[in-house]
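Each of the two complexes below includes subunit A, the first together with subunit B, the second together with subunit C.
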Partner chain A sequence: MKLGFYPGCSLEGASREYNESVMAIAEKIGIELVSIPDWNCCGATAAHNLNKELSLSLPARNLALAEEAGLTELVVPCAACYSRFTMVQHELMHDEPLHKRVNEIIGKEYKGNLRILNVIQFIDEYVIDKLDENVKFEFNKKVACYYGCLLVRPNKVLKFDRTEDPQTMDIVMKKLGADAIDWAYKTECCGAGFSVSFTEAVARLSGNIVEDAVHRGAEAIIVACPMCHSNLDMRRKEIDKFNGKKSDIPVIYITQAIGVALGIDHKKLGLQRHFVPVNLKDFKPFVKKEIDVEKPQNMEVE
Partner chain B sequence: MSNPHHTEDNTLAGKIKKNVGVSLVKCYQCGKCSAGCPVSGDMDYPPSLLIHKLQTGLPNHEEDVLRSKSIWYCLSCEMCIARCPMEVDIPPMMDYLRGESIRLNKANPAAKNIIKFHKAFLNSIKNTGRLYEMGLIVDYKMKSLNMMQDVTLAPTMLAKGKLKIFPEMIKNRKNIRQIFLNTINKQK
Partner chain C sequence: MARIGVFICHCGENISATVDCPKVSEVAAKFPGVAFSTDYKYMCSDPGQSLVVNAIKEHKLTGIVVSACSPRMHEPTFRRACAEGGLNPYQCEMANIREHCSWVHEKGDKTDQKAIDIVRMMVEKVKRNNALLPIKVPVTKTALVIGGGVAGIQAALDIANAGHKVIMVERDPSIGGHMSQLSETFPTLDCSQCILTPRMVEVAQNPNIKLYTYAEIESVEGFVGNFNVKIRKKAKSVDETLCNGCGMCTTKCPNKKNPNEFELGMGNRPAIYVPFPQAVPNIPVIDKTQCTYYKNGKCKICEKVCQPKAIRFDQEDEIIEVAVGAIALCTGFDIKKTDFFPEYGYGKYKDIIDGLQFERLASASGPTSGEIRRPSDGQVPKKIVFVACAGSRDPAKGIEYCSKICCMYTAKHAILYKHKVHDGQAYIFYMDIRAAGKNYDEFTRRAIEEDQAQYIRGRVSRIYERDGKLIVVGADTLMNAQTVEIEADMVVLATAGVANKGAEELAQKLHVSYDQHKFFSEAHPKLKPVETNTAGIYLAGACQSPKDIPESVAAASGVAGKIACLFANSELTREPLIAMVDRQAPPMYSSCTGCFLCQPVCPYNAIEREEVKDRNGNLVRELAFINPGLCQGCGTCVAVCKSKSIDIEGYTNLQMYAEVDALLNS
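Presenting the complex of A and B:
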């Protein structure tokens, strides 16, 4: 089975372990992820902070290229790229003159026939049913699932999970045998793209997230966004300074956690690339249990 | 046909309504946006106060808004719109205000590094089609003159295989340059 794929710049650089783990689990369950030919950067925060048309055109070029390549579904693991793509698709499909203008700017025609999936939707639709037969180890740890901003907001456009207390990642982790805790910072912002240009704010916002997860006894923070990961992991020195104490809680991509449970080699999942060492051991053989979770209902959107 | 009783609204709030479709009159100042905003404490005016200033339509208040730190400290985290009972879409309003603030040369000095970072980021895309992290860091340091910032980060990133020495170049860079020329680098 083949699905379209947009890695984005982070997954090719500072967050390559996210890419490695997405690829590793896709391979394990027999899904081929096909990258958009000649894809470009989505423009991220920089583009929409400075110029609206640029922020629409950069993602639109990728979407048009994906359509040209005959792709119908696109997996976008980076939460920021996913947010930009979904927002752009929404805006263009609801504004005919703008849609025409953007097609002129990019010199291509984007029709809008693409389904855009974030990593959790990808897992939910294509991976989760294959877990029971493939899982080797139980992820028997207490984890704090951290969603951040861009996977769940704005709900009106993304229509994904609940905006204040999302559950999709928690359900996946519970299925793998983890104890997914209730905590207060699930959807609070980590400071996102200000890692370099406003580090004090990132230290404080990410510091509060790490502190709450540790305080409630989590052994790992599970994420699905490269910006959340780099702020919580690579900024740990600044976080610890802000909190006035050292913390060693690792930050793990949900795809790495699934990979660990599937028995994939930890190196292949890139777990050695984190700044905060991942020393999770003693995973027990997996025994399937019925878990007591109800799928969250999407908020009604008129 | 234009309605003779309906003159064009030239206030900043009017321009926001016209350009991004966000209606600020709906805001009744409940303050949920400011309560949920993760950086309202860093801002000179929290989001609800920005809106209040714009609601007055007075030039001095509009000037305060365009020269504020607030519009640049906004993280675009979308918490405000998630919690607004009137669905006043603040993030696109912030995008519009940032654009106007730059265009009119009114950006707050406290935001200079944030703007330099955004510009270095876009430069990288314009040249290669993708973000070249090493180039971004060097370009930002040259622009901001913060040479010593994060000097210990890069070597660790390199050792962990997280930093590429050479940029990834896309094939159709002409297309990307065209996009920039048609948008942010448009000759007026």
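Presenting the complex of A and C:
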């Protein structure tokens, strides 16, 4: 099984452990992730604030390259890249003149046949059914699954999970034996791109998230976005200052959590790279159990 | 020789801005058989109609084509003018160059050509029109009222007091509808039960009204003046003629822990129950899904304690057939439940309730005897948040419309809360305060000024529970969109008003149209607000859109007025545009071969067998005959008739072919 893969800048830089853990679980499950040849920046937050055509063309070129490489499905772990890709695809497929114009700019023909998946969609479609046979350890911790803003929004375009109370990660963690708590900040903003330019805002927004997770007794926050991760992990000093108390709750990518349960070496999952040390121990051997969760339907109105 | 007149209307600018009317008139003047052609700014105006009348007389016209708007709009107007000019009214045809042409195309030669073609078709048709005479049908002077909420009650009483018979069909075990669940009513704060109950009793006692509760409409056939309705009277498992309403059965029923629908789940009721103490009729029903006897075959305690021996475990649903002349649809509305709101916890927090539940808490006859106590632990909430527009005016939720009643009842709730919890504080998140109506704005001011409700203009993005409090997170848009967080003890969502359950099925049974939200549609939003587009079927109250009590009652009286007008005539005049089977002189009699393939396809059961006999009374032939009282002119029989012996008057095959021919050979 072969799927396309777009790492983007964060997975090659600040979020290397995300990349490492995605690759590690894909390998374990028997899926080959093929990077788009000669990929470029997705434009991230900067391009769509400055120049509309540029913001469409940067992702469009990547998508066209992926098609040229014969890929039909593309896994995009970074939530921001994922958002840009899906939005561009949506916009181009609903606006013919714009589509033509962007093809002209990138000098390629993007047909729009790609399916774009974020990591939780990838897990939902390709990994979750293989868990029972591969999992070695029970992830017997209380966890707060944090989705942030981009993974499940806007529903009109993504048609995946439910915007206000998403469940996909919760279901995966429950399957792994975790106690995924019901909490208040699942989809609240972490401060995203303001990590560098407006750190106080991040301290406040991410502070509320960490505080609520800790208050409800979570032992780890589970994420699937490099920005969420760096805000909750790297900015912990500022967060603790804002909250006026020290916190040691680790922030773990969902792929790392799955990797731990699959029995992959913690180093290979990059768990040592975090600012807030991950000291999760005492995992018990996995015993399969039936969990009573209903798969979330696409709840929004068309 | 045909002498046809063509009248091209500008419809102000509706047509003339797009279609070159003088040109169309000029071209039409040259069509074969056209003796007169002209154009005019408003053909439907008085001078426009006189123009038509005079032209018919002056030019000795044999038929006219009015080229203007849809026949739905003004066909009756011009048929009248046609008759005034001395012609049979059915010698008039409308060529629709507005809806079918000017409104849907750009200005240009092609559009003009289309208008010309439409006129040409109708000229060819009208040349072949026959003089027709209207059909008279009798009127059954009994009205059917579906739904026994305040609207249905009002309609039934008004019709009955006008001297006509009324049959009322109510789905629930009691009439009363939502109003029977309300505590006090805005804008006067009079007790809802106190003003409603006397009217409910009046319904039960009025000799002109026959009430069927726990009943639904099974099928409706026929047409204005002559509907045949089947009513399914669900088995109550109680003989209504014997039951004296003593209440022994409900008191002694051992199976008491069933969620009480009337209290919206905030209380229990026995398996045999009367929905509320003032119910009309005061006769219990057994809920078969809950009754121990129906489930396990044992118990029958109610039967043992019933003195008049009214319990009937073997009772079955009954189908009752009635003939009525008019139908009033009064089936009301429903509201969204709290589980519709993921951002407010999907209904999982007990202390987030909807407006109707608050009504029950505030009601003296409710589960807390009128004290405001929250469902989770019975505490009196000291901080309460009301969220207006929960779901309403929110395209993302699929509900773009304003539910209209919530601004007012939320203000009412804040007032009632303050009257009951003096040291409590109410907060209201709102978008706009829509309080248009007599004494309505004064009422919301009273909530703010006298009862210190704190109105916050902004929406609530999320509500979550933390340490036993409900944290309400919203924005104050009048304070620079600042985030507001309130730690509340209880939250009331003014959830959107939506169409009632079963509205769509009912509309389909009755052939009335409904909108995308499943509310029934009125025939015209301004001029026919209580009519549906099916003649003889009317609508009142919240089944049309969310409405408050005064509006529902006014509409219901409107319906009653309409029905009284209808019943003022003993005969109705119907359009003669119905199917006819060919008849000829003997020995042919008809081209009909008597195959009767048409009989099973007729949706109105209008086709009968006619025996043709010779002078000696011997049967010669059997021919199809169409009952003019039943035929609706749908044309299905025309399509299946192998010998081409059936035609729709006014739309004969000859006329239709002439139209097509005119179009193809233009």
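As a convention for this text, the second predicted complex is superposed on the first by the 300 of 302 C-alpha atoms of A that agree within 3 Å, B and C clash if a C-alpha of one lies under 4 Å from a C-alpha of the other, contacts with A are read in each partner's own complex, and residues count from 1 in each chain.
The rule is short, and it goes like this: a contact is a pair of C-beta atoms (placed from the backbone, for glycine too) under 8 Å apart; a residue touches a chain by one contact, two chains touch by 3 or more.
Everything quoted here is computed from the prediction, not taken from an experiment.
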Subunit B versus subunit C as contact partner of A:K52, first or second or both or neither: first
Contacts of A:H215 with subunit B and subunit C, given as first, second, both or neither: second
Subunit B versus subunit C as contact partner of A:R115, first or second or both or neither: neither
First, second, both or neither for A:K268, with subunit B first and subunit C second: neither
Most subunit A residues touched (candidates subunit B, subunit C): B
First, second, both or neither for A:D165, with subunit B first and subunit C second: second
Touching partner for A:A184 - first (subunit B), second (subunit C), both, neither: second
Residues of subunit A at both interfaces, subunit B in one complex, subunit C in the other: 163-164, 188
Complex contact set, residues of subunit B against subunit A: 20, 38-39, 42, 73, 75-79, 81-82, 87, 89, 91, 95-96, 98-99, 102, 113-114, 116-119, 121-122, 124-125, 129-131, 133, 137, 140, 144, 149-150, 153, 156-157, 160-164, 168, 170-172, 175-176, 178-180, 182-184
Complex interface listing, subunit A residues touching subunit B: 9-10, 12-16, 38-41, 43-55, 57-58, 61, 104-107, 149-150, 153-156, 163-164, 187-189, 191-194, 196-199, 201, 205, 234, 272-275
Complex contact set, residues of subunit C against subunit A: 342-343, 346, 396-398, 462, 464-466, 471
Interface residues, subunit A side, partner subunit C - complex: 162-165, 183-184, 188, 212, 215, 299-302
